[in-house]
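Labels run A, B and C following the written order; every chain starts at residue 1.
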Amino acid sequence: MKSISLFVERESFVHGIDPITKLYYILFAIIIPIILPSFTISAICLGTSIILLIFAKVMRKTLPVYSFVFFVLITVVIIQGLFKPGNETVLLQLGPVAMYKEGLQFALTIVFRVTNIVSAFMILVLTTKPSDLVEALVRKGMSPRIGYVIVSVFQIIPEMMTTMSTIMDAQRSRGMETEGKLLVRIKAFIPLLGPVVLGSLINTKERAMALEVRGFNSRNPKTYLNEEKTYPNSRFIQAVMLVLTVCAVAWRMFL
Amino acid sequence: MIKVSNLSFSYTGGGVPVLSDINLEFDQRTTAIIGQNGAGKTTFVKLLKGLLKATYGEILIGEYDVKMRTAAELARKIGLVFQNPNDQIFKRTVLDETMFGLLNIKMGRYTAEKLAVEALELVGLDDKLSMNPHDLSLSEKKLLCIASVVAMDTDIVIFDEPTIAQDHAGKEIIRRIIQKLKEKNKLVLTIIHDMDFVAENFDRTIVFNEGKVLLDGSTREVFSQKDVLEEANVEPPGITQLANRLGLKNTILTVDEFLHECAK
Amino acid sequence: MKKIVVDHLKYKYPLGEELALQDISFQIEEGEFIGIIGKNSSGKSTLCQALVGLVPHFYKGAYGGKVIVDGLEVKTHTIAEISLKVGMVFQNPFTQVTGSKMTVYEEIAFGLENIGLPREEMRRRIHEVLKLMKIEHVKDRSPFDLSGGQMQRMAIASIIAMKPDVLVLDEPTSQLDPAGSEEVFQAIQDLSGQGITVIMAEHKMEKVAQYCNRVLLLHEGKLVDFAAPEKIFSRNDLETYGVAAPVYTRVCKALGMKKQGCDSYPVTLKDAELALRGSLG
C-alpha cells in the first residue's frame, strides 16, 4: 500500500537534522525576508534552501512542486507586469501590450518569497518521516491524540482511495457510465460519495475500538519504542539562526 | 455463453502476469471458481466484466467482444455482485437501490419497478421496499446487492464471495437464489472459499492457482483429485474427506450421498 | 481458578429497542478454550465486547449485572486497565491497523507505548510475539503490505504483546481465505497451549468443534446452553437457533452412531472416522 507522504529515504546530513530545527528553519526563512525586504536577502535565503535540497539529494522530487508553483506564479508576473497601479517604466512593448518595470519587480519579489517558503517547507516534508515529526512534537508536549490523527491520515487516505476504486467498479457494474463527457463524470461521482463516507465512518468506529483495547486512553505516562534521536548539531544550528535573526533586526533598526 | 481464449493480464505493462494464458468456455452449468487469495480469481471476473482490459487474448460474451465495450454497456449482459455490500449501497430506499441499475440501462420506470420488486421477492426483501438500506443487517444488505444485480436480468450472474459473513440461514437463502437462477437458465459463476457450499451447489468447479487454471471439471471430478488440490492449497469438503478416510470408493459431495452410499 | 465470571449481565445499546444481552450468567476457568456460536445478531459480538469493557464504556447504553475478569470488575475500570487482563481481536484485519506506524515492528509497539513500558521490555516482548505468531520475516514491512492472514496474526501479536491472560476473538477468520484462516487458527491454538484463556466467536462449526473444550450457544441475546461441543452439537433443536452442526455430526446422527463411550455424537473428522469405522467397511 502506498503512503501519500512525500518523504524520501536518503542518507544525507539534512536528513539527520531533527524535525524541530527544520520547523524553526521554515520560520526563519519566512521571517528574514520580512525583516529585510531586499532582493539580495530573498535570493540568499532561497539559494540556501536550494543548496540544502541538493545536499539532501531530493531535488528531483521538488521539480513537480516547483513547476506547479511556477505555473501559478507566472500569472502573477503577467498580471502585475501589465496592470500594477504605479507602473511607469515600460520595459517591453508588444503592440498595444506593455510590460512595466515596477510591476515586474514587485512580482519578482513575490515569486522569490513564495518559492523561498515552498523550498523551506520541502526541506521539512521531503527529508522527515511524518511519524518522526509528530513523535518529536508529542515529546515536546503535543497531545498524542492529535499526533495520532495527523500521522494516520497519511496512511489511511491511500486506503480510502483503494476503496473508492472498488466502489466505482461496483457502480460501473450496474451500468453507470463513468467514461466520457465532464457531465457524465460529475454525475458518476454522486453514487460514490455515500459509500465512501459511510465506509469510512464504519472503519473509524472499528478502528477506534481497536485503539481502545490497545490502551490508547491509558493514563500511564507514554513511553517510546524509538529512542529520541539526538542531533548533535541542532542546538548549534538553532543558535546560528537565532543570532542571524537578531542581527537582521539590528540591521533593520540601526542601519 | 462465454469464450475466453489465450487470456493474459498483468497490472503493470511488462510486470509479473496475474493471469497467464487462460482458455475457458462457459456453458449454463453453475460454476465455482476456487483457489487461494492472489490466484487471480477476482482479476479474472473483473476482466469478464470489462472492469479491466486484457493485456493479451480475447473474451467473447455471446457475440460481444468484451474489449470493444465499456463496463457500463456490458451491464446488460453480465452482472457482478461485489463482496462488500457497503461498497455499493447509496440510495435512500431498498426499492430505489434495486432500480438504480435498471434505470442506468435505460429501462422505463414502470418496468424497472416491476423487475426490481420481483428480484426483491426472490431474496425475501419485498416487505422492506421503503426501508433505508442502512437499517438492514449486514446479511440483508448483501441480499439487497444480489437483488439489485439479479433485477437486471442478465444472462450471466457473477458472485464474489457470497457466503462470507453469512450464517446458516443466510447461506440457505443464497443457495435458493442460485437454484432459481439456474432454473431460469442463467449462467451462475461464483468465486468462493466455502468448499462445503461448493460441493452442495455447483455443477462445475475451476481451480485457479498462481494465475493459471489448475483443474477444471465437474465438481465431483475436481474434488476427487486430492493430490492436485493440495498443490493449490485447497482442502476438499469435510464430508468428502470423511468418506475418503473410510475408504468409500466414490467421491462423496453431500451428506445425503454419504447416507445413500452407507445404505447400500 | 475462575478466570471470568459473568453474572446476570443485561445490556441495551443506546439506540436499541430490545436488550442485546438478556440476563447472561456463566463462568470460565483459567486456560479454557471457549467457542461462542449463534446466528447473526444473536449477541456474539456484544458479549465479546462486554468482556473487554467496550460494552458499556465505548458504547454507553443501559447496563446491568456484573462481568468480573481476573478479579477486576469491568464496569468500574477503564478499557485501558482491562486491556492488561483481556485482549481483543476483531473481524476485519484492516481496521485494526493503527495507521500511524510505518513497520510491523512499530505497529506491535503501539499498545506497549501507550501503557508506558520501558524500551528494553518492549523490544523483548515484540521479539517474542513476532516469533510466536511466525511473522518475524515481515517485521520491517509496512503493516498494510501484508496478506490477510499475516495482518490478522499481526493484530493478535499486538494484543498478545500486552500480555493479557485472556484473549477474546470475534470471528477472527471470517474475512480470510482458507490458508489464511488455517494460519490464524494454528496461532490461536498455540496460544491456548501456552495456557492463555481463549474465547472465540465463530461461524465455522467444524473449527469450533475441533478447538474448543466448551461451547456457548447464544440466541436472541440469551444463553441457551454452555457445554462440551459434543453435547451442544448433538442437540436436536440446534436448527431452531440458526446453527448447523458440523457435517461429521450430521452424518453420524443420521446413522445413529454415537461417539465411543459417551452419549453424544462425534463432532470432529477424527472422532467421526473412529465411530463409523466399526460399522462400515
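What we mean here is this: a residue touches a chain if its C-beta (ideal position, glycine included) is under 8 Å from a C-beta of that chain, and two chains touch if they have at least 3 such contacts.
By chain, UniProt protein names: A = Energy-coupling factor transporter transmembrane protein EcfT; B = ATP-binding cassette domain-containing protein; C = ABC transporter ATP-binding protein.
Computed from a prediction, not measured in an experiment: that's the story for all the values here.
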{"item": "Topology of the chain contact graph, where touching chains are joined (line, ring, star, complete, other)", "value": "complete"}
{"item": "From chain B, the most remote chain by mean C-alpha position", "value": "A"}
{"item": "Leading chain pair when contacts are tallied as C-beta pairs", "value": "A-C"}
{"item": "For chain B paired with chain C, centre-to-centre distance based on mean C-alpha positions, whole Å", "value": "30"}
{"item": "Whole-Å separation of chain centres (CA-atom averages), chain A against chain B", "value": "46"}
{"item": "Numbers and ranges of chain B residues touching at least 2 other chains", "value": "none"}
{"item": "Residues of chain B touching chain C in the complex", "value": "36-38, 137-139, 164-170, 193, 195-196, 233-235, 237-239, 241-242, 245-247, 255, 258-259, 262"}
{"item": "Chain B-facing residues of chain A, complex", "value": "163, 166-167, 169-179, 190-195, 198-199, 202"}
{"item": "Interfacial residue positions of chain A with respect to chain C in the complex", "value": "1, 3, 129, 131, 134, 147-148, 151-152, 155-156, 159, 203, 206-227"}
{"item": "For the chain B and chain A complex, residues of the former touching the latter", "value": "46, 49, 51, 70-73, 75-76, 79-80, 82, 84, 86-90, 100-101, 104-105, 134, 148-149, 152"}
{"item": "Residue ranges of chain C touching chain B (in the complex, touch as defined)", "value": "39-41, 91, 147-148, 171, 174-175, 177-180, 203, 206, 239, 242-244, 246-248, 250-251, 254-255, 269, 272-273, 276-277, 280-281"}
